[in-house]
Each structure stands twice: as C-alpha cells, then as structure tokens.
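Letters A, B, C, D and E mark the chains as written, and numbering starts fresh at 1 in each.
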Amino acid sequence: MSTPSIVINVNGIEVIYNHVILVLKGVSLQVADGQIAAILGGNGAGKTTTLRSISNLLKAERGEVTKGSVELRGERIDILSTSDLVKRGVVQVMEGRHCFAHLTIEENLLTGAYTRSGKAEIAASLEKVYNYFPRLKTRRTSQAAYTSGGEQQMCAIGRALMANPSVLLLDEPSMGLAPQIVEEVFEIVKDLNQKERVTFLIAEQNTNMALRYADYGYIMESGRIVMDGKADDLRNNEDVKEFYLGMGGTERKSFKDVKSYKRRKRWLA
Amino acid sequence: MGFFLETIIAGLMNGVLYSLVALGFVLIFKASGVFNFAQGAMVLFAALAMARFAEWLPEWLGFESLLLANVLAFAIAAFLMLIFAWAVERFVLRHLVNQEGVVLLMATLGITFFIDGFGQTIFGSDIYAIDLGLPAEPIFILEGLFPGGLLINQDDLVTALMAMAMVALLTLFFQKTGTGRALRAVADDHQAAQSVGIPLGRMWVIVWFMAGLTALVAGMIWGEKMGVQFALTFVALKALPVIILGGLTSVPGAIVAGLIIGVSEQLAEVYIGPMVGGGIQIWFAYVLAMVVLLFRPQGLFGEKIIDRV
Amino acid sequence: MSKKKIGDVILDVNNISLRFGGVKALSDISFDVREHEIRAIIGPNGAGKSSMLNCINGVYKPQEGSITFRGQTFKHMNSRQVAELGVARTFQNLALFKGMSVIDNLMTGRNLRIKSNLLLQALRWGPAEREESEHREKVERIIDFLEIQAHRKTPVGQLPYGLQKRVDLGRALAMEPQVLLLDEPMAGMNVEEKQDMCRFVLDVNDEFGTTIVLIEHDMSVVMDISDRVVVLDYGKKIGDGVPDEVRANPDVISAYLGTSH
Amino acid sequence: QAPVQFFPSLTGRTGAVAPNAAPFANGYADYMKLVNARGGINGVQTLVEECETAYATDRGVECYERLKARHGGATVFQPLSTGITFALMPRLAVDKIPMITSGYGRSDTADGAIFPWVFPLLGHYWIAGDVVLQHIANRSGGWDRLRGKTIAVVYHDSPFGREVLPIINRRAEMHGFTVLALPVPPPGVEQRAIWLQIRQQRPDFVIMQTWGVMTATAIRQAVATGFPRDRMFGTWWSGAEPDLRDIGADARGYSAVMMQHGQARDSEVVRQILAQVHDRGQGTGPRAEVGDVLYMRGVVGAMLAVEGVFRAQERFGRGRHVTGEQARWGYENLNITQARLDQLGFAGVLRGPIVTSCRNHVGTAMMRIHTWNGSGFDWSSDWLQADMNVINRMVTASAESFARDNNITRRTEPGC
Amino acid sequence: MFYRENGQFKTTYKSDQQIFAVKQDRIAIIAIIAFAFIGVPMLADEYLFRAILVPFLILALAAIGVNILVGYCGQISLGSGAFMAVGAYMAYNVFMRVEDMPLIVALLSGGFFAMLAGIIFGIPSLRVKGLYLAVATLAAQFFFDWLFVRVRWFTLDSPAGTAEVSNLSVFGWQIATPMDKYLFVLGFVVVFALLAKNLVRGPIGREWMAIRDMDVAASVIGIRPMYAKLTAFAVSSFIIGVAGALWAFVHLGSWEPLSFDINRSFQLLFIVIIGGLGSIMGCFFGAAFIVITPIVLNQLLPWIGSLFGVEISTAMVGHAEFMIFGALIVWFLIKEPHGLAKYWSMARHKLRLWPFPH
C-alpha cells in the first residue's frame, strides 16, 4: 500500500495565551488523507488548542502560535484566515457547540453553507443533515438557544457538514449526547469517511468510542503528545486501558468501586 | 385641532430623520454586535465631505450646475465612507473580534474622536451649506378647514421621501441578497461565524459602508436643514432612544420607533412642556424608551433576550 | 449500596407540565426523591431533563403541577427560596462566574449565610472579618476535597473544562445543600476524570448524607452509582425504578439505550 | 531684554462653538499684533498664547492654570464662555488676575465693590435685554404700547441663556406685557416644538438669547413656520454672520442688539490690521472674515485689554510690564475718550467715553441694533442707552445677595 | 529585591485575606500613599495641583463608583455624569440651606441623594440588560441636566441658575490653597478607595460579580438579583455623588449642569475601561491616562512642531489632539481590552516568574 499523502501536518507548535500562558509545548502530528485521527487526553491537555491552531481560531482567544508551523497538503496555512480554510474544505466544530443563538436551527445549518453556492446542492446537503439527525428536523424552526444541549451539539455538527468539508476537525463531538446519538455521530463519521473520503481529526474524551472508530491516535498531556500509535495498538496498551478506558485487567471496573487512593498515572515526557 | 395635526406632522417629519440615523446604528449592531457611537460622527464627516466637495468641485473643474456638483460630491462622499468602512475594519474591528460589548462601544467612541478631529482637519470647522435647492418657505393647506391653515414644509416632504426611499432600499438589500442571515450569525457569535467560513472582515466592511451611506443621506438632509457643522453630531444622540425603543436589531423597529418618538416628544413638549417650564424634549424620548423597556426589555421589535442555563 | 440508609421522601414532583409556546417540554411528570438516595434522570437529548431541574430550581415556572419539598408544597418557587431550603445544583453548560477566581466562586455559595451588613463589610471590621474567615475555612475544605488546591486563585474562565465542572460542583457544595441537583456533571470527561467525579459524588452522598439528583448520559455511571432512575422521553416519563428494572424496560431500550446495551 | 505683556487667549477653535468662537480669537490675536506693529504699549510688546478649551469648563480651568503664570504672569483672561467664567471667578482674587467678560458671564459682576476682579466691559446680558426691549418699545411707539402684548423669549437652556430673563421679567412687571419663556436645550438643533408653540400662541415679538447653531436653527424654524423675521430680536451673540450667512435672504429683517460695534469692514482699525498684519503674512484667520461681527468683538476685547494696561502704566510706570493686580487697577480706572477711540482706529465702531469705576465695571451702556439685509448687517437704530436706574438696582441687589452667601464684604475704599 | 511570594506562608485565612496579600504589594501601597500625602505636596506646584492632581483624584474616585457598577456588577451605565450632578447640587443645597452645616457632612449627603437617584434609575436594570440598559441610563443623564437648570429651587433661586461655594473649611482648617484642596481630596479618595476595595472583595462584591458573570446561576445559589443590582447602583452612585460634590465644591467652586454633561459620563466610562473593568487600581491608571493624555498632547504637539520649525495653529493642535487621543484609545483597547490594570497584574506575573519567560 502506498503511503497516503499527509493532509494536515502540525510541526512542533508552541502556543501561548495572553502573552504569558504557555499551553502547547511543541506538538507535532500528522493526519493522512482519508484517515480518522483522534487526539485523546485529559482536561486541559491542549486538545482544543491544537485544533484551534490548525483552523486559525486562536487569535480571537488571544492565543498565538509562537513556534512551529501548520501545513495543509504541504502549504503553510498560518497566514490564511479561518474562512479561507473553510473554502479549502477544512472545517472545525467548536467545543461547546457555539450555535447562533438567535437563529433558528435551519438558519444555523444554512449559514454553514455560507461558502458554497448552488441552491440545489445546498438543499441536498440540508436534507442529508436532517437524515443524519432527524431530531433537528423537528426543531428546525426553533431558535437555537432554546434547544437542548444535545440538540445544539447536533446542530453544530450538522452546520459543519453543510460546508461540504474534506477535512473535519471535531472538538469533543460526543459531549452531552445521549449514548445512541454518540453512536450515531461516530457512525456518521465513519460513513462520511468511507463514502466521501472526508478526513477527520477528532479531539475526544470518550476514548473508548474514539479508539473504536479512529485509525490512529495521539495521546496528549500537559501540552505535549506523550504517545501515539495505531488505534488498535493503543487500545491494547495496558496503560491506556487502565487510565483511558477504565479497565483494570480485562473487566471494566464499576464506578462505584473506584478507590479514594487511586493510583494516578502520569506519563514521563 | 389644526395645531394638534401640525404637531403630529412635525413629529412625523422629525421621526423620519431620527429613523434614518437610527438605521445606521441598527445595521452595524445587527451585523457585528457593535453599538456604534460613531454614527453621529459619521453623519458629520459624510456631510462635511459632501458640503465641501460640492463647494470645491465647481471651483476646480469650472462648472456651475448645482445638480452636477451635488451628485459628484455625493459620489465622492460615498466613496470616502467606503474607505472609512475599510479602515475601521482593518485597523479596529479586526483586532477586537470576540470582545465584550462595552469594549467595542468604547472603541467606537475612540473612532468618534478620531473622525471628529480628522474631518475638521481636512474640511474645516466652520459652517458649510448643503444646497439641494429645496424651498424653505412653508405652504398652507386646508385653510378652509382650520383657522390659519395647516402648515406643511415642502422641504420636509422631499426629505421624508428621500429617507423612506433609503429605508426601502436597505430593507430590500437585506432581504434579497441573503447576506442578512450571515450578518445575524456574526452578531451572535464572532468565533462560530468564523468557523463556518464567514469572512468577518468583508461582512464588516459591507455593513459599515451601508451605515456610512445612511449617515451620508442623514447628513445631507440634516445639513440642508441646519447647515453642516459640528452640532450635527448631536442629532445622533436622538437616535439612541429610537433604537432601544424599536429594538437594537430591528430595521422596521428603527423606523416605527423613530416615528413614535418623533411624534410623542413633539406632543410632550407642546402640551406638557409649558407646565414644567419647557425643554423636556431633551429627556422625554429617553424616559419614554426607558418606561417601554420596563415592559419589553428588548424593545418593541427586538429579538427576545435569551436567558438560559 | 446496602449499608446506606434511604430515608423518607424529601422531594416530590407532582404532575408537572411545562410548555414553551408550542413545545411541550414536560407533560405531567411525577416522581419522588428520597432522602439520602442518588436519583438519576436519563433520557434522550431534548427529553426535558434539564427543564425538570429548572422547574425544581425555580428557574422555570411550570404551567401545571406542584413540587413538595420536605412537606411544604409549592406551585412554583423563586430561586432564592429554593436555595434557602437547601437545594443546590450544577449546570449542564457551565454557569460559572467566569471572571472570578475559584475561591470567589465557591465563596458565592456561602452568600446565603453571610450576616454582616454593607457597612461592616466596607470596614471589614470585627464580625465581618471573622465571618469571612469562617466561610473561607469551609470553602478551603471543599477545595481540598475536590483536589483543586493548585487553582485556588485562578480565574475560572481560564481553567480547562473538566476542572470547571469541578468548581461548579464545589460551588454547589459550598451551599451545604440537602439536595444536590447535578446536570451532566461528567460530560466531556475521560474515564479517569469520571472516576474522580463519581468518587466526589459518592463521598458527598455518603459523608454528608446529601440527596443527589443526577442527570447523566453515560449509562455505566448511571447504572453503577444510582439508586433509582427516572427515564424521560419527549417530555413524558417512560420509566422509573432501580437501574436493573430500567435497563430491562423495553420502552427505555427503544427510546434511549439502543439495542447495543 | 524688552519687557512683554502677556495676554492669554482661551479659544474655542474646535467642536460645536468653533464657527463662532474662532473669529473672536482671530480678532484678538490680530489686534495684539497690530499693537506690536504700532510699537507696543508704550514700547512693551504684547504676547498672545492660545489654549483651546472647546467651550468645556474643565478644559478652561486647566488652560487658566497652565497660562496664568507664563511669560511673566497673565495680564487678563477673557474665557469667552459663561461657564468657564463662573469656574474661574473664585480663583481670580487668589491669583490676582483680572478677567474681562465683555457681553457674557454674570450681570451683577458690574458691581466692582463685590466683584473686584471681573469686568463685563461694554455690556452684560441685562443691558442687552433692556436695550432690546427699548428698541421694541420704540418701534411700537413707546413702553405703554407694550401693555397686553406677548413677548416670547427663546433662550439657551443654561445659565448663559437664563441670564437675560430677570431684566425681561422686570420690564414685564413694569410695563404689563406677558413673557413666554421658551428654553431650548443646547446645542439647540431641536426647535420644532418651540416654534410650533410660537405659531400657536402668536406672540408679538420674539427675543432670542441664543448662540451658534441655536440662532441659525431658530431663524430657519421661523422661516419654516412663517414667523416674520422683522419681529425677532436677538441679543449680541445671536447676531453674527456665520449663523445667518447660509440662510441668506430668508433671514432678512432679523435684528440683534450690538455691544456698540457691529460689522466694521470700513473702519480704520480694520484697515490697519489688514495693512500691518494680514498684508505682512501674519494674519491669524482668513482675511475675508476680518471686520465681521465676531472678529470685531475679538478686536474690541483686545483693545480693552490693552487700554487697561495702558492706563495702569500711567500709574505704575510707563513702558514697564504691569502685573495682573496693577492691570486690574487699570481696568477699574478706564477713561477711554472718543478721541482716544478715534486715535486707535475705532471711530465709527465704538462710542466713547468708556469710563469705569469701582461701582461701575461696565464702562458704558450705549448700544445699537443692527439688522440683517440678506448678506450682512446694517445699523437700524440710533444709540440706545439701557436704563441704568433699573439695572443698577438689580445689579446691587443681586451682588449683595451673592456677597451674603459667600461671606464677601463690600469694598470700602473711597468711591466704592 | 525580588518580587516573590515564596516564603510568605499564610498561616491563617485572615492573613491570606488581607487587602494586599503579597507583602511587597503592601509595602508598595503604603509607600505610594505616604508619598501622595507627604512627597507630592513638597514637589508639586500650583498648576500640577489644580489642573492635574485634583481633577485626577476626583475623577478616579468617580471612576471607582462607575467601576463598581459597570466593572463589578456588569450594569453598563451612561448616567454617571448625572449622579455627579445630583451629588454636587444636593450637597450644595444641604450646605447652603442648613445653618452651620459641616462641609464633610454636606459632601456625604450629596452622595446620599445621588444614591437615592441611583436606586431609582437603577430599577430598570432589574428587567433591562446590557446596551439597552446603557441607553436607558441616559435618561438619568438628560433628566438631571434638565432638572438642575430648570428647577430654580436647586440653585437657591439664583437668577441665572448657577451654584457657587466658597470659604471651605473642615475643623477650622481652611481649604484655600491648591495644596489644601489636593490633600483634602486625597483624604477622601484614599478612604473611599479602601472602603470600595473592601466591599468588592467581600461578600457583596462577590454577589455583584456573580450577577455580572451569570445572573441565572447567581439566583440559583440564592443571590437576589434585585438586591445585588440595587446595592451596586446605590454604592456606586453614592461614591459618584461624593465625587460630584468634590468636583463642584473643590475643583470648580462655581458650576452649572454643563460640567456634568454626557461627555462626563463617557469620560468616566473611558477611565474605567482603559483602566480595567473590575479593578479599583485600574481606576487610578485610567484617570491618569484620561486626564493627562490630552493635556500632554496639547502641549507636546506645538513643541514638536517647533522642533521642525512649523507653527501649528491652536485649531490644528486641537484636532490632532482629538485624532491621536481617539487612536490611542482604540490602540489600547486592541492591545489590552482588560485595561491598564491588566498590565499591572501581568507585570507582577512576569516578575514572579522572572527570569523565566513563562
């Protein structure tokens, strides 16, 4: 098998917020064309920050890439604006939903197609999204602010799909979703990946899910990538099992039985 | 009765002009969540540009036609407003993405200072005339019906028509071009709008330019009425109660509220004013708006303020 | 789960209906919560779980029904009353005071118990000073308990999501509530963090005897730690019982759990 | 090195007042240059330094503090704003600097026994009001004819604007006419309602105590509501070209009382300024404006400032720099005869003599009315003198009450 | 000497809750206050006192009031100028109408009446939010401007409607020279700043901030929005009112409502935002910036011109001052939307880490 071309290449980036808070300390990762890559890691590890630096959404948060570079298909994209990136097919679904509160669900979805033209195609995409998330269809005329947390999450994902992306950056897509919807979302990911060759980079806490669907995984901690490998390999790694999948030995440990003096794993990096 | 009608007519005429200024505020707020205090300064700047070029062009190019001078000056002033819109985006807004409302508001006050100084530097700080050739003398109608007749100002009529045309044009633009939705998205969440590929910069240039155009039309009309001078900027203060009464995000709101405020403050001044010593026009509109807000916190036509946990 | 003693009904929700314009968020919901238990509410997205908490809290005013708390029945309460009665909650979408430090966020939870008046506070003199220290001490205990010592003085807006969730819990705990309503406290956490969170919830429940109402989408968590579960779907109650019962309920399976579980 | 006499100039060259305040500053500066061209005040050169207040009180205070000790000490201030005047008054005695407030400020400062440092030379608003009413009475055929008439007063809703009301009310009591007081909130761009009221109530005359855009708007509204301009009379700040120029012919017939001078393009002093200042490329403002009403008011203000120093030098030493305190003596002991005025180039501009004393800080109460002819002003009345019997009584009463409130004791020097 | 907290272990919560928890800060603040009371009077001249220091201090005080409302409680107000006016005119009435009224009591009663006005005009805040509220507060601005011109009772029926005071004294101390005025105002400002600091870091301050950051959540934990908002309006307008009374009595001596017009409200908001929302210290930075910058520009520009041999006209200086001032404000907002106070805390942060950059 020939090595697939690299779509996203993050090259040793360092990110500082507010001129003082150093968050990423040299992160490098590659996503190959047609791959589903996952970034895993605890709270505050820097997953969101990594995604933001790819999609160039850092500036609004007063963050800055101070070292390293990000490339999209070999082209440096530091100088491109987010909207340029969307035009090139790179779309991010932001953590925490960020729906347009005053717009209806349908209007939210339609703004997702802002960079596209062609009424018919847009209508087709809309239909596709409604197929993926029937719940959205029933709430289409409701203002996004008045929909439930899960509905907003669907809306945010659906909105990104409306741009007809070739690379999707998903930031915690499963957060707040009911289990069967989580499943559905990942099925959609798989679907898009297989049928439309969409490349995915997913930041997830739900390690179990993410590793089931991803091809490749990166584990982040405190602003560094501490481990990476094929999803299957990671899934079978003992440490990952214990600390990310919650399995002691082979059985899943009950949440009831977690000990107060639990051993904590800290990676040596 | 005749007097009552005259008061109402006067109020309506004023109201149309308030609406025009208010419209500029609403456009910008809708599209960028910026409460643009510079609107008044923009009115002055645009009017100064128009007045001065209408005066200079015939001199420079050696023609006499008033109409030609006005048309050319209008075009140049419009072009200046475009540059202004671009500069605001390039040097101010772009760097303030995602900031709080107050910060943006203060930034527009900074812009106000800047263009006040800039406009006067380039165009001077005297009084300049915009002469649209409108008649100033009143006409009296229905003299049979009311003693003394009903007083109508012809220039008021013309300017009201112009203002209404402007309003209609803007409404059309937003309805038909479909940019409206994107603009509202931007107002809701800068970051999310960016993330779906809406180019914030271009959006802002567009709306600031539109607001600049309304400022120009407003400046032209007010300038024709009272001369182009610094005091024009105060007219903008009157637009503030109008926009909150109508709702910060509503174009029709700006129009209806403008008329309401125009009429009610005339009535108040004429009928209540004498009882308390007069001059209440200066606060009446604000108090009226404040009282209405107590019952409808989002103004008459504004979008409901969303409060969810 | 055997050692612990479940008490009487402390909170009783009777026939609550809530509408927003055309949307029926809740229709005729009734369930009760017993003292000391962990009561879970589950259901698909948009089922009305958060709305239910909002009704209990007095954030939403249901059109019909009533809520009985420790024998007192209310048609609808205002939030302040509810807080005074000893009900605290956390929020699904993080409703922390972003500009304030962790300590200050937790200290707001103590506000109901502040007695000194404005003048004393301005002078920070005598009783005011003492009072402040006392509350601070309580809050520090919660900080220790939640293991967020290192972030005491950080503005919460700058904390990562998971820690913010903990602060949210801490703020509710600072109120020393009798009933604690938790709206998806473990969303967006990885397993390790969920374990931590479960531990906190269980400890609170055990040590202080706090009654807990929990909304959560992670079924393993719900099944592991809750005593009884209410299931909502489209604003209607479709199941109620101990976890195993609920897990076996066919309505619940089709509406929520999906077949894979 | 040669002594210089420093005349600070508080200007309003920016913002809303600029069209009206800038000409004043230009006239002030140009006349000082003319004095220097003539050889100074007995050889003492004048020096002007400007400071921009934009009509804002706190900026005015800052300017005063900044300039008061510069260049050997300020001779006299002319803040050109009633508000700044008020704020500076308490400081004058401490700093020992006099202030000339020609045609603005408090009217009761005419009483120098209580306000030693303030000089409303050539007139204050009560005089303005009185003269306007006299003119109206004369036109109507005597004071008696005013009985039963209504006079509307359109005024700037501020202490400046209200200052004219006491005299008008006083006269209304005396002569039995009705006053319709119509305040206009500054800056005065909103007057529709007021003019509707005027249209409804049909007063016989309108008196305007306005300034800047308020004047222009009032006249435009009068045009729009059809109130005859020849029954409108302004006080002196309401009678200036910048506000009327664009209205042009529509304003024809509108009159305003003048503090003696009006437009004076043909006067000797203007000729000299053009020849000795502007022609040498040292003019301060646009040449076209030299001789206009507000420009002339600056020139006259400067002349008065200089004459006080001139007078003070007679007592404290010719050709020497005088301190603010000495200058104050000069202003209180002015005696500018017609001959002196003629010599200075003010023939036909001002009417002498201007004589001040401790009890009289005004110097003269002779005024004239001028009327807009469509493009400029023409004299339309003879010299009118305010009735000082009436006014002095008001001044004394008001000053006394001020003194009481502020624990000031009346000066007791001879002549006070 | 290094700026370090290490080694300063707090053994009691009380000590950790001191106003300035870091020892170096404490020393610095005491040093600054001591310098203000002792050093400044020895160094400054009359111009500095009257034209800069006194207005600076009074505006800083007013800004503290505004900051409590806007920065801490999140209620944007454009009516601060009006509350200053209420303070000024009511203090004046109390001072003049009541025999032998002590100056300090009169000034405080100005604050008291401003507080009442603040509470009344704060009522809309219970329903109205954000920019809507901001514009609604303008009603106060225009109403009081009008009231004090119109109703002559407030100006003791003086014909022109101006107010003036003279011969100020406290306990026999005649406040006559500029230095006296400075010290008198300084005393007020220091006391009020400390009281305000105590309030904002205490329970009520937390209530305000909670309302600001997330009002629904605040009410769920038992904070009454009405109480929190109205106390914020009350405390804020009290302080603003006292500042207004000082501005009138000490700085101007004689005034009209124009001294408290809408530009004053904007100016105060500028101070608060440039200085830093939610920072008492920031008020001083902001006030310094707003008071000094225009004056410096105004004097600097002609001087720069003279370096190049051009004479810049007064009007040109005025316009350039406006332009540069406006541009500076925008630049500041872009550079640091959290205000100068943020630089202050960032500097401290860096000092702590020094010599490492992060």
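Please note the rule applied: a contact is a pair of C-beta atoms (placed from the backbone, for glycine too) under 8 Å apart; a residue touches a chain by one contact, two chains touch by 3 or more.
Going by UniProt, the chains are A, C = ABC-type branched-chain amino acid transport systems, ATPase component.
The structure presented is a predicted model; accordingly, all values stated were derived computationally and were not measured.
> Would you identify the chain whose C-alpha centroid lies closest to the centroid of all protein C-alpha atoms displayed?
If one averages C-alpha positions chain by chain, the most central is E.
> Taking each chain's centre as the mean of its C-alpha atoms, which one ends up farthest from the centre of chain E?
Between chain E and every other chain, the largest centroid distance is to A.
> Between chain B and chain C, tell me the centre distance in angstrom, where each centre is the average of that chain's C-alpha atoms.
49
> Between chain A and chain D, what is the separation of their C-alpha centroids in Å?
74
> Chain D to chain E: how many Å between their CA centres?
The separation of the two C-alpha centroids amounts to 37 Å.
> What is the distance in Å between the mean C-alpha positions of chain B and chain E?
Chain centroid spacing, chain B to chain E, equals 32 Å.
> Return the residues of chain C touching two or more other chains; collapse runs of consecutive numbers into ranges.
Residues 50, 59, 91-93, 95.
> By the touch rule stated above, which residues of chain E touch at least two different other chains?
Correct list: 146, 149-150, 214, 216-217, 220, 315, 318-319, 321-322.
> At which residue positions does chain A touch at least two other chains?
21, 146
> Can you name the residues of chain B that touch chain A in the complex?
Counting only chain B, the residues touching chain A are 97-98, 181-182, 184-185, 187-201, 249, 303, 306, 308.
> Using the touch definition from the top, list the residues of chain C that touch chain E in their complex.
Residue list for chain C touching chain E: 57-59, 78-80, 82-84, 88-89, 91, 95-100, 104, 107-112, 114, 116, 118, 121-124, 128-129, 132-133, 136-137, 140, 171-172, 175.
> Using the touch definition from the top, list the residues of chain B that touch chain D in their complex.
3, 6-7, 10-11, 13-14, 116-117, 120, 125-129, 136-138, 151, 153, 156, 225-227, 229-232, 234-235, 238, 265-266, 269-270, 273-274, 277-279, 281-282
> Taking the complex as given, what residues does chain E use to touch chain D?
Going through chain E, the ones touching chain D are 46-47, 50-52, 55, 96, 146, 149-150, 156, 159-162, 164-167, 176, 251-259, 263, 295, 298-299, 313-315, 317-319, 321-322.
> Would you tell me which residues of chain D are touching chain E in their complex?
Within the complex, chain D touches chain E at residues 11, 13-15, 18, 22, 25, 50-52, 54, 56-58, 61-62, 65-66, 69, 82-83, 86-87, 89-91, 94, 106, 157-160, 162-163, 165-166, 183, 185-186, 398, 405-408.
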